[in-house]
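Just below sit the structures, each encoded as structure tokens.
Okay, so subunit A shows up in both of these, paired with subunit B first and subunit C after.
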Partner chain A sequence: MKNLLEIKDLKINFNTEEGIVRAVRGASIRIDKNIIHGLVGESGCGKSVTARSVLNILAANAEIIGGETLYHHQGEIVDLSKLHPDGKEVRKFRWRDISMIFQEPMTSFSPVHTIGNQIMEAILLHSDLSQVAARTHAINMLERVGIPDPAKRIDEYPHQLSGGMRQRAMIAMALSGNPKLLIADEPTTALDVTIQAQIIDLMKQMKDELGMSIMIITHDMGVIAEMADYVSVMYLGKVVESAPVVELFYNPLHPYTKALLKSIPTINSKREEKLTAIAGTVPDAYCIPDGCAFYPRCSQYKPGVCDRSEPNLTEIATDHQVACIMYHGEVETDGGK
Partner chain B sequence: MEENKLLEVRNLKKFFPINRGFFNRKVGEVKAVNGVDFSIYQGETLGLVGESGCGKTTLGRAILRAVEPTSGQVLFRTGEGKVVDVTKAEDRQLKKIRKDMQLIFQDPYSSLNPRMTVKDLVGEPLLVNKIARGKGLQQKIIELIEQVDLRPEYMDRYPHAFSGGQRQRIGIARVLSLNPRFIVCDEAVSALDVSIQAQIINLLQELQQKYKLTYLFIAHDLSLVKYLCDRIIVMYLGKIVEIADSEQLFTQTRHPYTEALLSAVPRVDPKRKSSKIILKGEVPSPINPPAGCYFHPRCNYVQEKCRREEPLFRNVGQEGEEHYVSCHWAEQLGPKEVM
Partner chain C sequence: MLNYIIKRFIYMIPTLLLISLVVFIVIQLPPGDWLTAYVASLRESGDEIDPITVELLRERYGFNQPFFTKYLNWISGVLQGDFGYSFGWRKPVGELIWDRLGLTLVVSVSTLLFTWIVSFAIGLYSATHQYSFGDYLATFLGFIGLATPNFMLALILMYLAYKYFGLSVSGLFSIQYAMAPWSWAKFVDLLKHLWIPIIVIGTAGTASLIRVLRANLLDELGKPYVVTARAKGLSYLRLLFKYPVRIALIPFVSTVGWTFAGLISGSVITGIVLNLPTTGPMLLQALKTQDMYLAGSFLLFLSIITVIGTLVSDLLLAIIDPRIRYE
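What follows is the complex of A and B.
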């Protein structure tokens, strides 16, 4: 078995004062062993919520109302979404099997404890190492992620570290339990490009050294192209396309993926070529359109078809899945406006 | 100042004092902009890039005198063809110049007053500058709103009813109301999602053609800047390290920092083999910049001279081309292609 994690038809609602927000509306993602899986989409598409649901660390008003999150663990399959968020069961998996790093290296550490104490806290809580052994392990991890002079830096407070160093410390903490899966939610968005390059490099190197998988969540197609082996594109709470990275960039099928790729200026774009903007804006999550959620912005919208039923994610070629009516056998695929 | 120049910046500096202690004594200075020289030509789009803290925003504001520059000159050619030093202009004159120079902000959420309707927001500059009143005002507001592809029916709504991209359009309508000739776009699309980013960029380009606008486009997204700009300025720690034609900056890179910066940009192509130059360490503090060349602690080509002497900012372009760089070894290292 090469599967590590399978998210199947996941549905998450947020209960707010204004009503129910259907943040994730049946998302399916499969993450294989020892690969980097990119999850990409615009703000509000539900990519962070999907990722957080794996560890059951959703906000209090969020509710998983359907679907499964199957984690393959030593020959067994555990449905993480059914575990109680505060229970002992799910804690067994956090940090040791699956751990997470966040966008804001500034706010994800507590400012009143040294980074060493925070890393050691995680180690002591989840393993039976002694205080001394935990400290040695923490110093070791800091060294592995490239923090200079780790024996001294371990006793520093987060504010004494720069953004890039703090993100390295975060990675050290997340990886100190030797997890099988690292979930990285926009890990480089707050960093400058030269520091971003350092962190991307570090994550790739750690993935190979530790033999884990990484699920990277980002809105930056460049970061995806640089890091990911496999990509899932999300739009309004659903995965609309899933493919190996080269396939997705060179042969995108879903109109949203196509439009997204065309709307980004690249280093090679010519000035004379106008950027292809996607018309309109992402609809409000309170009133998601019937049928395919993308049809109001789609250039290949077919009245009477796209606004009727919502297409499912279907495998078109090996490992290439897409959720668009155009590619479903029973409908003609001549496209057109 | 040559006829084709709209603006010329000469040795501009902006230092922010650091005050500490009981008597609030000045204990140091943040050298945000530390002596920069460049020109902006009529009708061009000039990009300004650099990492956070390099002083690009401060420079943009100092040019408009939205922050008071510490020293230096900003020469601006007014609509009547007169050349004025913005840094020395008196209140009355400054008010006049400011109609010509405008600023688009990064954050479309905090730059619009939430208690004003779109109509009031767009109409405000017209009233303040006594450009339109009464019936004419209403007509002008509708024109401006249509100009940025918003629907005039929505003009009695408040900013919260609009999405980020629409708010940025409202901001642009405000700026356009004064018929400016020069606009500083400070990270004008950074807060927007990519699909919306493209809409706003296309709008900015259309407006530029229509009204012959000159842009100073401040951004950290290098792919975007390359796509949009005629020339690019690269800043590092309050100083300009390189200015070149945007194509040339990529194909004939002269400064080691530019080389590393450009190579670090993630390319939207999974087949491209990564040839990133990973820089050591991080940007030093602008309070106490290193001696000699500011970039030397992180530079891959560093030599003894770099630690002592500050390099001269000079033109190394061939045959009348302008390509400014501040590196001791620009001639010896030769141009590099970063792709």
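What follows is the complex of A and C.
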């Protein structure tokens, strides 16, 4: 089996005072072993929620109302979404099997504990190592992620490190348990461009060294092109297209993916050329349109078809899946007329 | 860290000197002096006093000396342990204040502990069970506690204690122990009386600290580092106490300084209503009769306690929050 994690038809609601927000509405993602899987989409499309739901560390008002998160673990398959969020079973998988890094390296560490304290805490929690051995391991990890003078840095507080160094320390902490999957939630968004490139290189290097998979969540197509082997595009709580990275960039099928790619400047664009922005705005999460959620902004909108039934993610070529009525064969289209 | 502590101690010296000067100015501010007040009260009761005698007394007590001479005499006496003479009590101030200061400290420190323990427990529960029935109940009771004047609460509690338990709860000691030397029985008697002032003085502070802790903790619970800790597989309780509670305690601890001062000065009215042998009632009396050395010494000591309270809170803060140490 090359599967590592399969998210199937995942549905997550947020219960807010204004009503129910359907943040994830049946997302399906498959992550294979030893690859980098990119999850891309606009702000609010549910990509971070999907990622957090893997570890079952959602906010208190979020609720997984359907679907499965199947983790392939030593020949067994565990549905992580069914485990109690504070229970012992799911806590065993956190950090040890699936680890996570976040967007804000500044606030993702506790400001009043040393870096070493926070890294060693995880090591001591999940292993039988002694205090001294855990410290040696933590220093070793800090060195591997390229933090100079790790034996001194380990006793420093987060505010004494730069943003880039903090994200490196975060990566060291996440990887010190040798996880099978690293979930990176916009790990480079808060960093400046040169540091971004360094962190991306570091993650790729660590992936090869440790033989793990990475699920990278971003809104930046550049990061996807730089890192990912495989891409899933999310729009309003659903995956609308999944393909290997080269296929996605050269042969995008879903109108949303096409529009996304057109809105990125390339090195070859002429100065006078205007970027094509996607028409309209993302619909309100409280009232998602019937049918395909993208139809109000879609250039290939077919009245009477797209606003009636929501297309499912369907494989139309090897490893290339898309959720759009255009590619679903004539039968459904005719049925809609 | 050591540097920080030494620095803080050095800062205390000019602060205290300045306070002593301000205290001395303030107690001299009302027109006249103790003799004027004394003569006026004699006159009210129909007695007359010879103006020449008044002048002689004024000369003897040194009321005619210039301000700075008086201040220097007083402060140099204080530094040698001589706090001057109380005209009203006809005793050296030193003999009067220690008992009362001691009991004030007992009442204040136990009130502070009561306030902290109760508000910590309730605040923690309120924040972790936001919008639950218990949270609303705590909020409701908290606001009632905040809005009830202390003397009112004192009267209600005294009435209830007398009516239902037959306890005479005014003062800090029963009559037979009031003048007795310290013994185990006297200590137990003190505990029996202490709870009413603690509740009365502590309620308002408890209510506001509950709100402070609840708000801080709710803030902290939403911070990314909590998610990081969850992603590491920590259990909820362990996570809660190691990370958000510790950070939410920072404002809690920084209130020591001013809560303490508030407890001492805020307990004056309660002290009078409950007839407590603390500094409050005696200080008020001394201020009314312009018994300047007594009032001045009280004010000076209360200021010293406040400054020390602030120092303690600063040191605790430096222990809890490393960002303060490194600045």
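We adopt the following convention: the second predicted complex is superposed on the first by the 330 of 337 C-alpha atoms of A that agree within 3 Å, B and C clash if a C-alpha of one lies under 4 Å from a C-alpha of the other, contacts with A are read in each partner's own complex, and residues count from 1 in each chain.
As a convention for this text, a residue touches a chain if its C-beta (ideal position, glycine included) is under 8 Å from a C-beta of that chain, and two chains touch if they have at least 3 such contacts.
The structure presented is a predicted model; accordingly, all values stated were derived computationally and were not measured.
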Could you tell me whether subunit B and subunit C fit or clash when both sit on subunit A in the superposition?
fit
Would you check which partner chain A:E18 touches, where first means subunit B only, second means subunit C only, and both and neither mean what they say?
neither
Tell me the contact category for A:P111 with respect to subunit B and subunit C: first, second, both or neither.
second
Which partner does A:F102 contact after superposing on A: first (subunit B), second (subunit C), both, neither?
second
Partner touching more residues of subunit A, subunit B vs subunit C, is chain B
In the overlay, answer first, second, both or neither for which of subunit B and subunit C A:K92 touches.
second
With the two complexes superposed on chain A, say which partner A:I57 touches: subunit B (first), subunit C (second), both, or neither.
second
Just how close are subunit B and subunit C at their nearest CA atoms in the overlay, in Å?
11
Using the touch definition from the top, list the residues of subunit C that touch subunit A in their complex.
223-225, 227-236, 242-243, 246-247, 320-323, 326
The residues of subunit B that touch subunit A in their complex are 51-52, 163, 165-166, 193-199, 201-202, 205, 220, 222-224, 226-228, 250, 260-261, 263-272, 274, 276, 278-279, 282-283, 339
Taking the complex as given, what residues does subunit A use to touch subunit B?
42-43, 162, 164-165, 192-198, 200-201, 219-226, 228, 245-246, 249-250, 259-261, 263-267, 269, 271, 274-278, 281-282
Enumerate the contact residues on subunit A facing subunit C in the complex.
52, 55, 57, 86, 91-96, 99-100, 102-104, 107-114, 121-122, 125-126, 157, 159-160, 170, 173
